[in-house]
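Please find one structure pasted underneath; my questions will follow.
Going in written order, the chains are labelled A, B, C and D, and every chain counts its residues from 1.
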């Protein structure tokens, strides 16, 4: 048996038992795949939106982690189909390994809870990584049973591939397909998020050519591309930049994000996180709002999830190229510092405007502590038999990775409650007040 | 002031204050439009899916009535922009009338409750029409206030346009834009449902050409098209047929629909419909499941909305061209008759299989009492100055309208609980049993 | 060796040696395929446009038979890949047979000469069928050599498949893939012509689903589809109808066609057809214009190919539903009759307008003698194990095939030289004059 | 009268008299526009391909300058429609000025001759700039008459706008729409070339948003964009880079280009350029081949335009990042130097291989003398009322403009006749021979 004989790969070709997802993609569902997606643990993803708060700004962006997971699984099939033709890949990865990878692709988001990324970004103690959180869903219950019975796969092997450091060539290769500069996750979400937002940004990076150029790196231990895929890979990197600029870090999306983060920050001591993170999105919201009651967090949550949408307004935006010095004082600070700083600003605004402004009515949003990963991947020049670093042969990728991404896309912004936005905007010296607040806040 | 001066039409051209919806459509939001869509009544539509149970079969089809309403509003702008160049239209419809139409387009789905169409289709006493149900949202509350203040429109005028028979030329024209063979609703939903389902069917009917061909009919009292738009209109009719065939009447969608209809039929006496129909989709489901508790309806609802998807299986399908006689005995019967007939079949299956099959474990699905509207619209042959009926010049439209639609797409099907599906399918004589059940059921 | 091992099918999967054609299709070119397309005989197709005179109306429609042939070859790969999974197909068609089919697909248009279809439509003695004309290119020269050396194929076998009646099951199957209701030719040209014309009509018939439904008919001797492909096949039939309506039988395209046909009719006695039909498009035009010199044919050709486009104008249009009786008197008449009738009309117009109108200044265009083929294909209902005729289960296909196509799309039109168009249009009684001309013309 | 009242802008809205070009664009043709495009001078563009030799590599890329000109004219309408809402634009540009611009947009390529760009790139004495060459077509003949009669425009004003330095604010603005980083030419050709090549690269830069962001620069004397269009503009710049990388500077395209350049270089002394440049593409090729006869240029031209395609093969490729030193010695050298250097290399290859290699059998291709224009445009931050240089706020644009474009995309390559390619490739020391040839060639 070879990789090409894996039933799911065969069905891709015979076009049987297909299910359709946008945009006009056929996903082959064998009986054993259907069994996995019909479990409660996987079905739960149908009630968790892929983009969370983005839907408040792009009204059609309410696609689910369920749909995305099917897309990633399909992309895994395409990667396997392509790499099966690579001798080194076929030597290192057995059909059984490939099946573990396939299952891992399908189940990679199992541990996602609602609004997972904004919550992880503030790095509070006690909040698990969603990759680790997934383990409880994988190691016991219906999914574990199905893996053992239908696939002859030990659930632990899937967990290992998804959430541990690779310990051998085989797992190092497979891990690089799941997570890396040109992984199956990005290949799906850039396109899918673009489609549902209704924007052209992440759709056009010549996916078929990129897939056609997949190979292994010089060491034979990770994904690389041939020079035929160089431009397509540059397009993917660029697409990702644009999606961050226009969607994920859209100023109104960041306002909503800042509101949710503050509410969670105010509440999390009182929450049973392990239970909370198992809920569907609506139940999750219900639980937060119940915990928040009529307090400040309740006010923030009502603006996001109440009968009327009421987002905080931007009163200042600091960018790397406009206000570099002040920008750098705020970017990548820990969340508690940002909250304290916002409170300082709320106090001085209270004085300036001559009325009480509650601490939670002022929010700072800034690039998180952790920088985005850089684009380290090798490009194989087949004719010359040479591997080069992508950034070495592509100044544009180097620029996007090192400069444009974290410093230009991710701005530092100050948002305030809409009831005071007009007044704050009229203050001549907002930037000065921000500067003072920053300086007054202990490091 | 002319129609072209309506602020929303102007913003369409200046490309200011746009919001994006798939696929890459820019919707201009003036302040007064934004005010309307930020009301709780309109915001509620963001929590009601456009296609309801279709999402159980096409996993990406969870777009909302909110998104669709924005799409219809945009289409209203395009219709107005085009028809403003038609002298008879401009003479009959004042800018103020056009604004009422615009608001009606935006708000046309305000009275939709979750799973509205399947519930309406079974024609139970006490279930209002959703168009009438909308009136309570329109005539009082924030929307009514906004209409009066921002638009100088009497809410009653919007209600009249949306839910009453037109009494003059002006309202007859505007009504035909909202509801008719080539209305703004269809123009949006065919495309939008296709996009989100991931299918090509409803996307390609040359919308720009169809819009470019809009004119008034001979009497000057309703929408028509010029012969330049004839083929595009045929394509729209054909697209709609395919969408019904492959999506709205997909056999698994019909299984889910039959399950929900039976559950609602079992429960509705005990429900406070007026309160129920004001809920968002998740709350609506919660309310139904609470009312159903552990009874038969609860079992049906668990298959649809429980942690695991568990749809009833098709054991028989009767079509016009295969089993015409039996098909015609079942099609277009009232729902209580269908339920009684299913119970008869459950009884005989119990006997055949030698085990108890509960009445709710067998479901009949059949074309509803009311046939789909035919495609009556006039086509203007400008050169000859003649208006002809669409069906007269297009045999294909006549065929789709009169024969293919209700008789070929809408099949009669029998579904059973998955626990007994295999056994029932093995019975040689299922069709005979169905025939007997039909004959035993009193008319 | 199996069909899947044919090198071209393997390259489709490994994505090597691809060439790109619209829209974003990768065509795998093995060395032996590249050898074929680099021959002078095949390269000649790069200088023959696919749609000929359509480019005078849709200015971007100047794609070539070369591009189309690559598209058909790619479609042949997809058909083979799919049908290789069908047991009966694999039993009847050996890999060697499949290679003959592949080559036949690539070379199917080799005998096309410029403006082939309009010239064939008038059925003049001495004009060969282009399928037969191809034989001279296939049986000797570089292509014949390449077939023998690179493919171990006898050129005669390709000729047999392309231009003779099938004599056994195997060739009957393969022939049905090349020519039939759902053949690889239509699958390519509908999409490709739409793309280059810039219209949406022929692009959206769910090609992937149609291909996924391919199977053999009941007798195992020809292509059929499963019921999963029924709607997609209806869409293809409908797309073809729309393309005929809006492109191939566009009134201005028909004016140009009628001009070329008349010119050719006037000239063909004096032409060396065998030599003429071997030329590229520009040389073909040059040769015609040289033969025509300053005579009537020269005038017609100058309007089509001279420095300025100058098409004849429509002065009457008779359709099946408007002027059925007169329409039926003209439709499907032999070309010499049409030319004689036009001369009669020219004479009476001369009298009416009091100035000489030359015979070639009046043109009749009418549906050709031969009706379009009907859509006879079987649909396999796999669950019930039944095959049904497509038209039986699809009224819309029956309508398109039997009624709408030849009678509604293909109109009878009269065109005149632009210098007299205004005057002729002002005559009250054009239709009467046409009627008289028809009656005066001997049968 | 305002700009919005220009008949062509009105027809854009009323959707009358449209002609279609890919992809699904409607171009409004008023009678006076139709008159212009039906002149012999404009009609000539229907026989000149947009991309010339690219069609030898991307077989569908045979779209014409005629189609492109219609696309640019439509884009001019969209620019005018948008900028008409800008107060400063409306104050500086009268409707009459706007009409001159419109005509200039339509006619901007009138002076293009076949293979214009490769021929201009080698900067031979006596070869005119195509912009100036156009003047003879504009200032006399049918176009000049039509401009005066139908448009009340002096042909000289169109010539001035198209080919002279702007002398006032008005012409400075209009010139920047025709030629600059975000001009109407690029907006059309990037998309159109992508479509016809079948590649995704130049299609997706959010054209509607870019157009929606058009404004004037700080000085009010040229095109700028608002910050809303920043990302879309980055996408356009990036798209252009990818098109150069994958299409315009594709290695096989460059081989064909080098062949044509050498042939022209060998022939041009003997050619009547003024007459030659007025021909259509086929006649142009005929004239070159006739002049070349059986000599070296004839051999080169036969490989491009003969019955069989026979491109020279790449035997060396020097890039900025691989062989920087050698690369820089060859890049941007005058063409005669390159030809001399190739001859040196031919000589040493003759010695190495022990057989005569003719000078024209070795070709050097290198970035031309003139660097591509940088992307200097201002971005208006409306909220702050500040204008910034694009490169200042976008490192990625700066990188593309300054580094990636000329140094990474445009490689230096050596091509040889296919009859010796295999032998040359086997020589160990090709790079050394190139180095010696470079050093031996006088500066």
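The working rule: a residue touches a chain if its C-beta (ideal position, glycine included) is under 8 Å from a C-beta of that chain, and two chains touch if they have at least 3 such contacts.
All of these numbers come straight from a predicted model, not from anything done at the bench.
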Fewest hops from chain A to chain C - one hop per pair of touching chains: 1
Does A-B or B-D have more contacting C-beta pairs? A-B
Take the average of all CA coordinates in chain A, do the same for chain D, and state the distance between these two points in whole angstrom. 40
Between chain A and chain B, centroid-to-centroid distance (C-alpha), Å: 35
Determine the centre-to-centre distance between chain B and chain D, using the mean Cα coordinates as centres, and give it in whole Å. 51
What parts of chain C, by residue number, touch at least two of the other chains? 24, 199-200
Contact footprint of chain A on chain B as seen in their complex: 19-25, 38-40, 43-44, 46, 55, 58-60, 62-64, 66-67, 70, 195-200, 282, 307-309
Any idea which chain B residues touch chain D in the complex? 13-16, 18, 24, 26, 81-82, 85, 208, 211-212
Which of the residues in chain D end up touching chain A in this complex? 199-201, 203-206, 231, 234-235, 238, 241-242, 245-246, 321, 388, 392-396, 398-400, 403-404, 408
